[in-house]
Amino acid sequence: MVLRKRIFDIIQPDDGTSVLSMVFDRLITVLILMSVVMVFAGTFDLAPITRRWLYVLENVASIVFTVEYALRIATADFLYPESGAVSSRLKYVISPMALVDLAAILPFWLPMVLPDTMLGIRALRLVRLLRIFKLNRYFDAMRTIGEVIAAKKRELLGSLFFLAILMLIASLLMYSAEHDAQPEVFRNAFSGLWWAVATLTTVGYGDIYPVTGPGRLIGAFIAFAGLAAVAVPTGIITSGLTERRGREKGESGKPEGEV
Amino acid sequence: MVLRKRIFDIIQPDDGTSVLSMVFDRLITVLILMSVVMVFAGTFDLAPITRRWLYVLENVASIVFTVEYALRIATADFLYPESGAVSSRLKYVISPMALVDLAAILPFWLPMVLPDTMLGIRALRLVRLLRIFKLNRYFDAMRTIGEVIAAKKRELLGSLFFLAILMLIASLLMYSAEHDAQPEVFRNAFSGLWWAVATLTTVGYGDIYPVTGPGRLIGAFIAFAGLAAVAVPTGIITSGLTERRGREKGESGKPEGEV
Amino acid sequence: MVLRKRIFDIIQPDDGTSVLSMVFDRLITVLILMSVVMVFAGTFDLAPITRRWLYVLENVASIVFTVEYALRIATADFLYPESGAVSSRLKYVISPMALVDLAAILPFWLPMVLPDTMLGIRALRLVRLLRIFKLNRYFDAMRTIGEVIAAKKRELLGSLFFLAILMLIASLLMYSAEHDAQPEVFRNAFSGLWWAVATLTTVGYGDIYPVTGPGRLIGAFIAFAGLAAVAVPTGIITSGLTERRGREKGESGKPEGEV
Amino acid sequence: MVLRKRIFDIIQPDDGTSVLSMVFDRLITVLILMSVVMVFAGTFDLAPITRRWLYVLENVASIVFTVEYALRIATADFLYPESGAVSSRLKYVISPMALVDLAAILPFWLPMVLPDTMLGIRALRLVRLLRIFKLNRYFDAMRTIGEVIAAKKRELLGSLFFLAILMLIASLLMYSAEHDAQPEVFRNAFSGLWWAVATLTTVGYGDIYPVTGPGRLIGAFIAFAGLAAVAVPTGIITSGLTERRGREKGESGKPEGEV
């Protein structure tokens, strides 16, 4: 029991009191980053010897992550002290971070369980990339932004819906205006949709653009609408952040205001 | 009378109390989305059999929308209980949503009424796309943003007017600077205008750009002005959203503040 | 005297009371817009007959603007009632709007005064475009934004200074990284500067971009700095607009707050 | 002693009281700008005689900057009157502005001290460009923005971390989707990363973009995420600037509020 409690303290994110816990956190972080680098490296043409080393390192990382996952389940009763021995484990297994941990080790174990795996090599590679989310445990700065986005969900969805309608209309108008002049470029309404995405987001690759007079008129209109596509979500998020701060100040200010 | 009231309750947007109303809303939504998909599909080279199926589906959707339109008119007296039998129908027919409903079925009925329709196939297709606005009935999240834009109309128009002047001057300056170096690219002041749109909105397709020293100087100036073209409307919309929230809080706060 | 006062009332921007004043405003606005369109039209290859008509219209507009300018000077004593007959005219002549009016008619009179004008045809054309600023008289919505920009001048200049330094460093780094790989594209540090402008403002024409590893690393850094180049001025302008509104509300709110 | 005090007053940024100090400031500013222009000029193909003149000017500037550096150290005891003769000099030498001054003259002295300098010509050139930061002494408008960015460091880093994860996933997904269709363009995951940078920052050079259906779907998703990449940092900086202003007003407002 004492040992399990010690292990629990070590594998929990370091709160600055334990050297061992900090060493464990660093080790896991290094393995995660190494894993991601290896996924990238795997897309290069590599010498067989390098590829073998990557394979060994990948397996070491997978085994460490598996042990980590097992230990986290084994000590989950300390995380939820109010739950029972079984229910605390179940509760942990379905928590988002535990699912990320599971996804991180699946590409290693799945091919062993299912000899003729249905997942291709590329799909497995992408799943391995999900390991980056394991870092989330040590990094909570995104929470504020996530909360603001959640609080403004309705307005943000509203502006996305407006953008979607605008894109649909623009793509069909543009297809109608340009199809005769550039039949190879504006093949169908989907080409128009791709053009509308590149223009509304102001990316503008330059692979597809209007050349006729009416097409350029529509293009100019959508390009200016792209300014709104930046302005409206920015305004929503900014006002969300300002309100949040106002509320925080209001809450912390209450005790001072009371007599 | 009782039946008409029942129908009215069903075709009104579902408020969570009636299963039939919800089913009707879903059916209409599916038909709208299917309609839009079919407009897109119509721009592809399709096998005759697929094209025939699209034609049948399109007609089914048009008939359903026609019945929906008729029912909405027939039950308009429940929507405006204070108006008379005729005036309530007239009031409804000229309401924005009813006009959208009418536009949605016109492409089906117009060619029957006017055998040699003056509207080309493409124009009809675009009108059919307007059906997407029928979704508006079930989606009111855009209202806040619309109200903020309406409240800040003067300032937003002011910044658009400034952009327009900037574009006019930039396009003529750029035409003067680049016409000799790239006579085929900067043919006339309209080419300059198209360049100015792509640069001010920071889209930058890359089909048209300055190559001479003076041209690049003007280009750099307009590209930086493009930062302002994003910054100013964003600032206006953000301050509009913040003010609105402040006013709402002020109003809801009053009862608390009063003694 | 009575006639001069009447003329003054007519040529002043319409305040909704006089039909003649409104007609005059509309006439001038139409002539201004026609003038701008003609400057654009002049850059096309036109038939001699069209070109002649443009020439006639241009001269008519110039004469009307000259009469307008003369009338405004003749009635300037009503604009500055506190000044004397001469000083009120001088005061008016050096006011920004009067200078715009003067610039608008110079391209017509200058070639007559200086037979072998030193100004080329293109320069005259650009000066004629300045007429668009005459519209300013009827359009004051840009004032708020201008005031906010003026109030935040120091911070906006600060961020521009930062961008300038970033651009200088980025252009030289990029030149150093890419000159060997693309000697024709990154010819000298000025090519690097043009690249830095296109990237920092997120325009990205695609005429010039890094292809080497180090070049792309610098490019990625500057592209992300471009996000800041949008974010910082937007933030400054937004906070300026919000403050301004707060001050306005504060001022108008005072009487309510006082007892 | 009196002379050293006089020199200190002259080399300190002018506060509007001394003509000599202002002349000194202007001289240094001109030399800094000339230096930067010369670094740019050095990347052009120049006639030997021009190159020689640049060399002479560069050496003059370097010697003036060296004398300035020596004088600043010699008079550092006036800057930190509370410190002793030695400690005030040490304190000054390690201050950021003094380090910039040192970096500005190193490219001149280093090749003399180390005959076979390890620094290449290009590296020296880049170091010389650092002189631009000497201007900082006369320009403090960036401080406000720097403080806001420092105050919001956590949130800004959070959004950068989110962008980094998004970029990693997008680049690998895009590589998987496009590698078969464009093996030469999407060679490895690093090509995908370069694409993700250009798209998320909405630069969009057009050297690399998806052509397949799945690739364009991922591309559209990342292009819209790019809107968030602009919106979130802008929101953070704006709310930071607004809060700062609120705090300033709160502080200055206290005395008024108190009775």
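Which chain is which? They are A, B, C and D, in the order written, and residues in each are numbered from 1.
Assume a residue touches a chain if its C-beta (ideal position, glycine included) is under 8 Å from a C-beta of that chain, and two chains touch if they have at least 3 such contacts.
Everything numeric in this text was worked out from a predicted model, so none of it was measured.
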What are the chains that subunit C and subunit D both touch?
A, B
Since subunit B and subunit C are copies that touch, is their contact same (over half of the numbers shared) or different (under half)?
different
Subunit A and subunit D are the same sequence; what rotation (0 to 180°, nearest 5) superposes their CA atoms?
90
Euclidean distance of C-alpha centroids - subunit B vs subunit C, Å
31
Subunit B to subunit D: how many Å between their CA centres?
44
Residues of subunit A whose C-beta touches two or more other chains
190, 193, 198, 202-206, 230, 234, 236, 238, 242
Name, in rising order, each residue of subunit C that touches subunit D in their complex.
154-155, 157-159, 161-162, 165, 168-169, 172-173, 175-176, 179, 188-190, 193, 198-199, 202-206, 209, 211, 213, 216, 219-220, 223-224, 226-228, 230-232, 234-236, 238-239, 242-243
Residue set of subunit A touching subunit C in the complex reads 202, 204-206, 234, 238
If we count contacts the way the header does, which residues on subunit B are in touch with subunit A in the complex?
36, 39-40, 43-44, 122, 125-126, 129, 132-133, 139, 141-145, 148, 160, 163, 190, 193-194, 197-198, 201-207, 229-230, 233-234, 236-238, 240-242, 245
